[in-house]
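Structures are listed in the sections that come next.
Two complexes are shown next, each including chain A; its partner changes from chain B in the first to chain C in the second.
What follows is the complex of A and B.
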């Protein structure tokens, strides 16, 4: 038997260079991150009793606080609804301008998409901090924050939906001499309306979750009370607020899921 | 022939009116309920100076070697997100098996339903509150941020993982079993290799989200870029806000791009 005929594995494959190298890089990243963030598991485990002390104080909610919590939590839902609506209204023209099949001009599309990508990178609390500085403490700042936040999210979901529509009705209308506005109203809207409503509800769900903490920076809603209870060390009140948020989020999710299933 | 025309019943025909009234009522309730404080007098001025600051960022803050500059804090933020996501990915696996439901089981299943409820609870527990609780335990700093991200992410990762388990292809598991493999063989040789790419892809996706939340956790004192950002906003130092915003935008865009590329390769 000729030895040369046996297939030879290349060096990189034989010694698993890629796998071992990847694992080493990963371990190095983990080690680097731990050094950077000052991870100290010893400290964590010695102070764990303090954490459990907090938890046990939260395990005895101050139920009489519930009455005070109801009004701000309703305000949170109102903020989310108005914010999502404003964001959606602004998002619609932008999503049409960003859709590949409607706007053939790639420069316009590129600029619009660049703006949308920029908006989407900003976390919600950061926007809240900025809006509190601009419009002052209160629910208005929260509404604007949620409007900008849902604008970024909805316009992406919307233009992706528009890009998946059936082209033939559009062509038929154009052939019959319709202008661009008429094409959008009679061929695009009927095809996308259901998914638009569904995405609106989805964003509303996310905004209800997000709006519960916006108040922490002064942007209205239940978060204001969250901040108050935490800074006065009343963890029994914090527990009530967290439970109230849980109930509201579960209810809103259930309603919105139910409506979204009906739409399909 | 009128008989051929399918008659809509009363409900199907007029239910939209009911929906319209409900929706309208919700909006009226919301608009009346909110106190629109109106704009402050200084709003125009403040937005003008924010804009000015955004276009004239304080470049000297980018790197000054003190460890408190943008460059080091951006990396600290990434480190919080990376470590937090890594820990939570490991912690999520038992939760995923707890919450997953086999296809033959009832919709209500004591183990799976209780697991799902726990995951919903973790998901809705505000991350900021968690961060504050951990600050009480380990003191302010990025370690508290790591802990908050690692616990909070379990809620979403556990859900995604358990859904992946529910929808996975069970053919290879069955093959190992019918060839006489033990439970452990089945897990190592069939379940893990089938599920790993999906788990990794979800973990990367969650990492993208964790980068965003790590950049704001600092607002409560849990390390990262959030602390100097909130401080700069409160002291109206808009050119510093500008450079920090630029830093966050570049960081998030770069991470989204890298993670998106890897995810496309995985699945």
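What follows is the complex of A and C.
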């Protein structure tokens, strides 16, 4: 073969301009960020003994505290379950309206997506503070916080799933005289149902973890006890709470992994 | 044939896509009730476009299209859905819902006859459940009633798709490259099914086919498209194999400007 017949590789491709350039930009950003925020690594290491002091005090958990912890842990799980469910139910119509392949009208889609972006922008801690102020201290505030938080997250996951479906069955249903709702029920739902259940479980898992922190702001659940033990320097009790949360997270993770695998 | 039996009438139909591509140009065509028409032509000649104008999956941009003497170009909403309900369609890639059972796929062909809430809750009448069984029996797929579609072979899926279209009790069956994804053996089974519902149920069939020999074996009439224009139209008795050099010539490919086969 004549060597000259091969097409020339462009300069950018030959010297990996994009890859090298991207890496350099990232390194520059990293350096700039650490300079501007003034992160002092030395300070962290000189105070390391404080950290170990805390750990050693937590190394002797107050096991008798376990009985007291069970009830709020259950409440945390219940809050997460109710919150995730409410969020999901509201997210379903929104995700359908936000999906590019179902809603051709870009104005409707744009408005819906703007609302979703807005909801996702609100941090869960801010939401918790807001709901505690509105409905008062307790699990209700936690449930509403988790509902809004799940709604924002789930609707994005859902509409992105809807946008990846096979659109050919939709064409067949339309050609058979189905209206839009019937197309969604018969051609979209069967294709996305498994992913939806999977995302629901994933969000539930995240919410269990998140709700431990929410208790800090008075939104109910185990977080209240976590805050109480820390502020009274009872690190032996803190250890029990952390271990209890760990057990719950591991169990939920195992169950939801198992369920999600079966859905494949 | 007399004009009374004209079922579909293309009157100077034009189709230009929004990007300027010409899909169909000056189509004048009468399809009679009970005919089995094969549409041949190269990819991009406008065969799919022609079929999809009949159930308004594509809108025409000029001329008029009549079914049973009534112009369908202005149909909207319920009227349009009723038109589509009376026209069955099968596709090259079957277009079934892979994760659903054969039964649910077949029943979904009937939703045009149901209100939104009744069909959404799956409240199909006993009569329609029986209709699904009969439709599957006709295409020899009854034993797969509760099987998930993704467990079926291509040929089996296409026959389920035919059963789904039969649920509409269509007057017209559009078949868009129905055998392009199938092997020769299942091709025969699917084409025989189409011929069966043409001859036994009196359904008018329009089928896009790549293979001229299959068109000659099954159709009553062959029409040819090239570059969106009707270039050939003969009853099967007058067709000879040499006729198709014009439709499939190299030159035609250069001229053809249509998209969507």
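The rule is short, and it goes like this: the second predicted complex is superposed on the first by the 216 of 264 C-alpha atoms of A that agree within 3 Å, B and C clash if a C-alpha of one lies under 4 Å from a C-alpha of the other, contacts with A are read in each partner's own complex, and residues count from 1 in each chain.
By definition in this document, contacts are C-beta pairs under 8 Å (C-beta built on N, C-alpha and C of every residue); 3 or more make two chains touch, one makes a residue touch a chain.
Quantities reported herein were computed from a predicted structural model and do not represent experimental measurements.
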item: First, second, both or neither for A:168, with chain B first and chain C second; value: second
item: Which superposed partner A:177 touches (first chain B, second chain C, both, neither); value: second
item: Partner chain(s) touched by A:37 [first = chain B, second = chain C, both, neither]; value: first
item: Which of chain B and chain C A:125 touches, first, second, both or neither; value: first
item: Partner chain in contact with A:133 - chain B first, chain C second, else both or neither; value: first
item: Touched partner set for A:6, first chain B, second chain C, both or neither; value: neither
item: Touching partner for A:190 - first (chain B), second (chain C), both, neither; value: second
item: Partner chain in contact with A:107 - chain B first, chain C second, else both or neither; value: neither
item: Residues on chain A lying within both footprints (that of chain B and that of chain C); value: none
item: Touching residues (chain side chain A, partner chain C) in the complex; value: 166, 168-169, 171-179, 181-182, 185-187, 190-191, 193-194
item: Interface residues, chain C side, partner chain A - complex; value: 55, 57, 81-89, 91, 93-100, 104, 108-109, 111-112, 114, 116, 119-120, 161, 164-165, 167-168
item: Parts of chain B lying in touch with chain A, wherever the complex brings them together; value: 26-27, 29-31, 33-40, 43, 46-47, 50, 75-76, 78-80, 82-83, 86, 120-121, 124-129, 132-134, 136-139, 141-143, 145-147, 212-213, 215-216, 219-220, 223, 226, 229-230, 233, 236, 241, 245, 248-249, 252-253, 256
item: Residue numbers on chain A that touch chain B, as the complex places them; value: 29-30, 32-34, 36-40, 43-44, 47-48, 50-51, 54-55, 74-75, 77-79, 81-82, 85, 117-118, 121-126, 129-130, 133-136, 138-140, 143, 209, 212-213, 216-217, 220, 226, 230, 238, 242, 245-246, 249-250
